[in-house]
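Letters A, B, C and D name the chains as they come in the text, with residue numbers starting at 1 for each one.
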């Protein structure tokens, strides 16, 4: 079985869930002008309209095409242009050229979404009890896939708007996080064999399984993310000029790119400004530093005399912590300072780990195109954990493994320190 | 004086002309969906909305900013993003990033155009008689600049639509050229000193002056363009595989790019199709071959045992020929076969010449940003002559010098043979 | 302490060892023409003369410069051009430009080596008993560093000679490996906590420490490497054409590079030939397949229904196996078929593991330039284990961690399968 | 006929000439260490040993292979690696990879040269009177080809040595040019039809023909080259920072490359130094500024309120001037200040012209591989005239057309001003 499927005894609740999640994509795009749907600022991002179509294509291909005999696609050519990485499914349109697709138009893509929603609803209502468990499993996967793209939508929109010299705000009246910087505390865990990986019947992606034993030395983890103020100390101490602090590939990168600060920071006469989904704001020293690459996170940790956590260390801790934090639902779309007396474990920012993204022991890629979902990306990327302020709160869990290349920083990424004991 | 200015005694006719030309830009964009305004398929092209804004910026900067004391720009930031190549005028937004500018929106850009039109109209109406000649000169330049961008709009729209795997048509019901292929005839000119370059009071660009003597050997020019049928003979004879036929830089280019045919051709089971502004059509053998690079034109001429004309040779002939041909006004937006009994001198396709784009003897760049208009591009490009099916008929003349890099082929370019006698 | 230092009670034996290892570098270069010393075929390789100078620079900088007060370098400018990656030690000459350094000449570099050997000998003879342990530790490190470059010399020479269309042999009369292909057997290990990492007093690199616990699921390892015959089955089964078999980054790479077979293979009329340090030879099906990238090794293992081993799995097995295999001393400079009745654990080819190169728990980079030795490369590379036919037999051990980027294949790399049980 | 052949009645004198010119190549390489023969610092240059072999290959292919029935080449594989641009003659080794060819060795290449010299001598001695004129024509072409590569050898050696951080001198005791800066004078020519192009029976390249009429406006030419002192005024006046002075492609280039001064200049504490074939020297203000690109020459001329000359203008003047100047035979290998009372027309530095390299009216490429000699390069390059301090004095003439890309500056290039009258 591809995934740990939810017990889906109650059909109506899944239909509701489908519509609820699908409507979030529309909500995210509501502040956009038609023009904004078209932009692809770098090859790694996609135009918002592409996300809207691709997530629908996913339901069309892996649900409607699978469960409806002789299903007629909305437009057969969409399979070519909205297939993302499913190489086995067919030839694909070059990723970097997505911004060139003015057709289908935004309006046509919303028609496409409506068509898919209608078809999926009918299918869910009419499926036989025999087919239902299998169907439900793929619907759940499609819902989770859509949630991933909702986070990508917000990441990509931020990058697109930042690329514009006019520096427009995605939402003018976005509320700002509050709070002041508080001291860092540490949680300690002793040496021993721990278990990580997904367990139970709730949904999880294939890459979170199988649950397995790991041996960990004693360690401690910071109970909050590194703040802008702390990161400024690193910058002001010459962090970006000292090769000793950097991995070799990172040092080459910052030299080549001329990086001197996190993405979205810019100096002005009074100090630093930061571009957010609410536009340019003065840099708030108490907020967690965000949009740093793995190399920057790793260099910071070395400068601080600490290290980045292993993904297993974070998972062990997360599994014991209350599920609270700044998620998409907060409406902030920006990380908030850790509260006094409160920890900062989930949400706010994805934490870079020092763990390359590799398969768990016993992981096997699955059959068919759906098998490409996660396994094929298991090289050259680093694992991130915990979710962010643009992650849906019902999409994240202790075992969740996100991954990006170590040079990437348009995701909502931050730094959490670890240490040996 | 920058240009050979028209006698502009009648103010109202220039106001009318201004509005007539400005409205053509809107006409060209009328078939576009909002999404289509945003696309930039390659670095050399610009999104349609950018053209609409840039041409307005041109009037704002070089007319309103010059003639209205303390003129308040529509939006001061537009100067940065809609300045194209006027380096001396200020810093500019990177050309390749124009497709990332979702803001200002299409709607805002049309507002900008309306604002500029209103301001220009008032200025033209209220200018003193003393200021009028100078003002009129810049208005005429702005009108001609807008016409250049109208041709670019059609070139760029074609390229953008072609980049889309859906191969949408810009205009579904575009009429098709008619006619059959007819034999080629030649016109002969004897050796001697000829004069070329602009003369008279009508408008011309700075690069057409000064009028000057050239010595030409005896030559003959074909009275029509090379057809698709003729170019197919070249292809079928192995033209793209024989290095002897190619300039060294051209041979490297076609190897690197894998070129085997003109841009916009694609093979299908029945033969060749060609992408046009009316969508994909079967290749018409009688039509002139279009969208070839200089290298392809030059290789074809060598294969045919002839050569490409000098720009001076074409100008000498054009100056004697009746002004007829397929222009923008024909509504075809595609080159037509040469008619029986009729020559094909102006329009249809820009003819590649073997003349690099260099200054005429005595040419001097002008003062100020406007001086960048033409002179700074006088390296590495080749001259093309005669206008095309997407050129306004009142924009072209015998002395008109167009120019592109020898590897470029998204312009409406064709091949005319020449020979020594 | 940087390394686990050998007990160096007997000074003379270390002096002998120093001279013995240094002379191997000269032996390796003996078959070269003066011209061959200068070539750098790709940015990752270095000209042979550079290796000869750089290893001497290493002794000069980290031994002579450290232990001799007011040491006068042979040539102060050498520090700039023969410093490799020690960014903290000073500015460095661009890696890709090493092939441009015709000066110092080969002759001058041999003079440099002689000078360093003389200085080191005197220093070792005259050092006080108090200084000796510290000195000995750096001498041992320099010896091991030289041995690493001896393997690189042979890798780079092979690549340089292969780049030449004349396909010259490095050594014309190199003996050929013998033997036939034998069936594969498997060794089994049960689930549990194992220890890996260097232990004891013998020399090891910093990246092999500290010794630590790992939890391993039950696994089995193939007792020999994959052969050319087996790899041909993969090729003939369409292995290079099926995206399902490949990691996403690997699939992009082979498409971009047009890879269809391992490096150094070339088809001829009778089948396959392979370029070796003895020149072109017919491909021997019984020999281990060599010069494959991580992506190819991983794709092969997936095609075979198995997986690549973890580095911990290999180390656990190696630690229990007799130390036998094809090393540099065999004189073959090419991998040999596994013998009947005999395993193939050490030597022949470095085995790609599925373990990214990361620090062991508790690893801390050391102070000073020498601290860059290993830690700074701990991103984006994969670990390889076991040594090869161009590794000195006294340079390899169970805990030895080699590392290359997953796209690289000029090292002597091979494939060993693993499986879950 | 390919070339305007010399009357070659006296066989022995041509044999002597052959040996004399061939020996100059050896003289030029005499100061080189074996290591220096191997270096290719950039793709446009070639290793010295490649030049030595290629010029021999030229005689082997176009003389021995043509005139000796069943000629057996020295090594049949040399045809692949020492063929330069004669695409029609066969497949060629990638230009940028010439530095990787350690084999054949320098020694083998000198053997190759000796073998060719011997074969050519025998052939010249034994050819029938009937064959002689045709043979002599190709010998003369090969001699001229060798002289072109002698200049390239010196250009490339200079670039290779400069690429080395040790900044070695090609010849330590090279004499230095003497003299002081003197005022510039102008020569004037009136408007009219002039003739340019080669005439007479002496050798000339195909691109110098046919002789033909050109119409020139009245012009004047500076009687000496621009000096370092004058160019420093341009630099100090912000010449490299003012976009108005630059062609658009040039401005992009200097921004991308960070050019702030001519190639081979470097600032030190006391001012400027310049790298020469005699090593680093303080910049001599009276010497002509050298190693500038076309863009720099053009920008300088614009800054000076003048322009660059047309190639026809220079040829008209050169044809009337005494043949004197600093050539290879001077032994300076560097340009000298113009003498008081003396003009500076030939030699010292190739003068950039504003004329793109295009065919003369009536020029036709010739049959066979030899036809590629010049014609295929007739795009994107600019003509230079007059020869330089590294040109053999018997290789240059008024009609000689050299050509380089406008961004190139490793040739011995300089600036001569022109003006309209």
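Observations on the structure shown:
Quick note on the criterion: contacts are C-beta pairs under 8 Å (C-beta built on N, C-alpha and C of every residue); 3 or more make two chains touch, one makes a residue touch a chain.
Because the structure is predicted, anything quoted here is derived from the model rather than measured.
Note on connectivity: the fewest steps through touching chains from chain B to chain C is 2.
Chain centres were defined as the mean of their Cα atoms; on that basis the chain farthest from chain D turns out to be A. In this assembly, the C-alpha centroid of chain B lies 38 Å from the C-alpha centroid of chain D.
With centres taken as mean Cα positions, chain B sits 46 Å from chain A.
Centre-to-centre, using mean CA coordinates, chain A is 59 Å away from chain D.
In chain C, no residue touches at least two other chains.
Pairwise chain contacts in this structure: A-B, A-C, B-D, C-D.
Taken together, the chain D residues at the contact with chain C in this complex read 33-41, 49, 77, 80-81, 93, 97, 99-106, 160-161, 163-166, 168.
The residues of chain D lying in touch with chain B in their complex are 85, 87-88, 193, 212-217, 243-244, 246-251, 294-295, 298, 302, 354-356, 358-359, 361-362, 365, 371-372, 376-380, 406, 420.
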